[in-house]
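Next, two complexes with chain A in common: one pairs it with chain B, the other with chain C.
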Partner chain A sequence: MKKNEFVEQLSEYCEFENKGFNLDTQFKSIEGYDSLALMSIIAFVDEKFSMKLTALQLRELKDFKSLISLIGSDKFEND
Partner chain B sequence: MINLEGKRILVTGASSGIGKVFSEQAASSGASLILWGRNQERLAETFNSLEGSGHEYQAFDMTNYALAEQHILKAVADGRKINGFVHSAGIERTTPLKASTPEVFKEIFEINVFAAFEIARLLSRKSIVDPAGASFIFLSSVKGKLGDPGKVAYCSSKSALLAGVKAMALELAGKKIRCNCVLPGIVNTPMTEKLFESVPPDAKQKIIEGHPLGLGSPEDVSNLICFLISDQAGWITGSEYIIDGGYSA
Partner chain C sequence: MGSKIKAIDIYLPEMVLTNEQLAKEFGRWEPDKIESKLGIRQRHLAAKDETAGDLAFNAASKVLSDYDRSKIDMLILCTQSPDYFLPTTACVLQDRLKLRTDICAYDFNLGCSGFVYGLAMAKSFIKTSIASNVLLITSETYSKHIHPEDLAEKTIFGDGAAATIIESSGREQILEFVLGTDGSGRNNLIVPNGGFRNPYDPSAIEHKTESGDIYTDNNLFMDGPEIFNFTIDSVPAAVEQCLKKNCMSLNDIDYFIFHQANKYIIGYLRKKMGIPPEKFYADMLLTGNTVSSTIPIAYSEALNNGSIVPGNKVLLCGFGVGYSWGAVVVEV
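Entry: the complex of A and B
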């Protein structure tokens, strides 16, 4: 999966209202980014990367880019 | 202290948490234990910590029901019947509904519900259960009565267990087998540590504050199970016991 596709698919999965997010979009600026969204991100990453993140880890993240770093950039295709 | 002399009790999930503490408490009260769990090392630790004699343990995947049956048949081969069962094994997942596919439900129900009923079915045979009577205890959860976001599969599994145990109690009363459910709130166990990793810190704080008497200890729940297993609870069946430090009040 490419990084931009990741942003798009994750946003779709979490059912964020707005569109057009990019790697630098701050999570806190997203309408609907709440505890249920955190659970959804954990479930999405587990489903796509077989990786179990904790809510505490996610709480520290600022944007999609830092989430990708946490998962591991090597797990993504080049854009 | 509750007297459990002469009791022979099968405990699932005996390698940690409530199952482990109950096993130790029951052994101290005179019972002999058959410990089941997945983790060989931790199960052996529980086994080695037990007072008294006549205990045994088997580390295996209890959803391998053919193997579970073999272990049960072997346990009663010497003529000693089983008169207690505590299903403490269970799994908890925080999964939003959108990720709760049938596979997620199957994984959770397999341990929390299907294994409980299958082992009870095997144990309730005349050739296995003590004709003088037996007590089966199932660890449900207060979440079997209350909802929680991200817990559709877990809550429904614990509710299914609760409903099934009531039906089982009526069906097995003729064999003098009592069946009851214990519904704990949040107890400090390894499973709870995993739960807290999956929820945001503010949600964790909310959960803790939701228990007016604080989070429980495995001993709090084990005390209740010991009573329900004992002959002192001889007129109790088909009942549910919430033990949650006031969480659901």
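Entry: the complex of A and C
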């Protein structure tokens, strides 16, 4: 998966109403970014990367880019 | 000596809190979106002077209305909102329900895994001939633990009770169990104050969550995302171990009833385990998460609507606060 596709797919998975997010979009600026959104991120990363993220790790995330770093940039294709 | 689930009845308190009422009070979410994500439209709440003991009494009275109560020789109550520190609420219920005095009655303190643990105890007592007809009651009033300004928890949890009669049987219909515990997760679902480690504090400070909800250490706190992580770790493994212990595969099970935590969590678990939706109970629309009563409420509803019929093998799985979890296969 490419990084931009990740942003798009995750946003859709979390059912964020607004579109057009990019790697630098701050999670806290997204309307509807709440504990349900955190659960959706956990589910998405578990499903696509078989990886477990703790709630603490998620709460410290700033933007999509930092989530990608946490998962590991090597798991993404080059854009 | 075998055992079987003979009858189940439920009781939900009269007061109802709808998503519309919550949206109006808090003004920060849409009722339809919450219903579609969490699968909850309303929940019942105990009145101010109505306790878990009262809900338990009402559920038990219903199930005993067409059962000879003099046959009951054991009463087990699962609750985390007992009427008193002491005496044991089950002892009070023995008297209120006019059960025999030469019976055993006690409470046990578990949450969402409680029904499965109750079945394990009932089966064990029957198998060892200590009892023959067990009344297992699950009853909870979590609403009394929740801060009035904590929208997330008010949305999820509902109050309610279920009363189940487990009888001795010629053949075993409550099959093999898998039970588990991991107390390292205790802080993720907790009421910190009110016991003797941290007494109730009338001036406890208010905390605010990322969603803007307010709670104090006198209230229920739940770290939803961390609880979700726990379910992803424990539930598929417990189901797999339970199937193995019963020498069965997923296909041998006619129906699956998990603790109805919320639609999102159980939907994800179902998908992850590859259970077909038509073999999986998912309905907490009108009750919310009633903690230890979700499984008996679901079992009773599945029997009433024909989703399960006599002879079916049903896998029950409870999981939650503790952490604590349990799974068992029962034959209807």
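One rule holds in what follows: the second predicted complex is superposed on the first by the 79 of 79 C-alpha atoms of A that agree within 3 Å, B and C clash if a C-alpha of one lies under 4 Å from a C-alpha of the other, contacts with A are read in each partner's own complex, and residues count from 1 in each chain.
Operating definition for what follows: a residue touches a chain if its C-beta (ideal position, glycine included) is under 8 Å from a C-beta of that chain, and two chains touch if they have at least 3 such contacts.
This structure is a prediction, so every number in the text was calculated from the model and none was measured.
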Chain B versus chain C as contact partner of A:Met39, first or second or both or neither: both
Which of chain B and chain C A:Lys19 touches, first, second, both or neither: neither
Shared contact residues on chain A - chain B and chain C: 15, 35-36, 38-40, 42-43, 46-47, 54-55, 58-59
Complex interface listing, chain A residues touching chain B: 13, 15, 35-36, 38-40, 42-44, 46-47, 54-56, 58-59
For the chain C and chain A complex, residues of the former touching the latter: 37-38, 152, 209-211, 223-226, 228-229, 232-233, 264-265, 268, 272
Chain A contact footprint on chain B (complex, rising order): 94-96, 98-99, 149-150, 197-203
Sites on chain A touched by chain C in the complex: 15, 33-36, 38-40, 42-43, 46-47, 52-55, 58-59
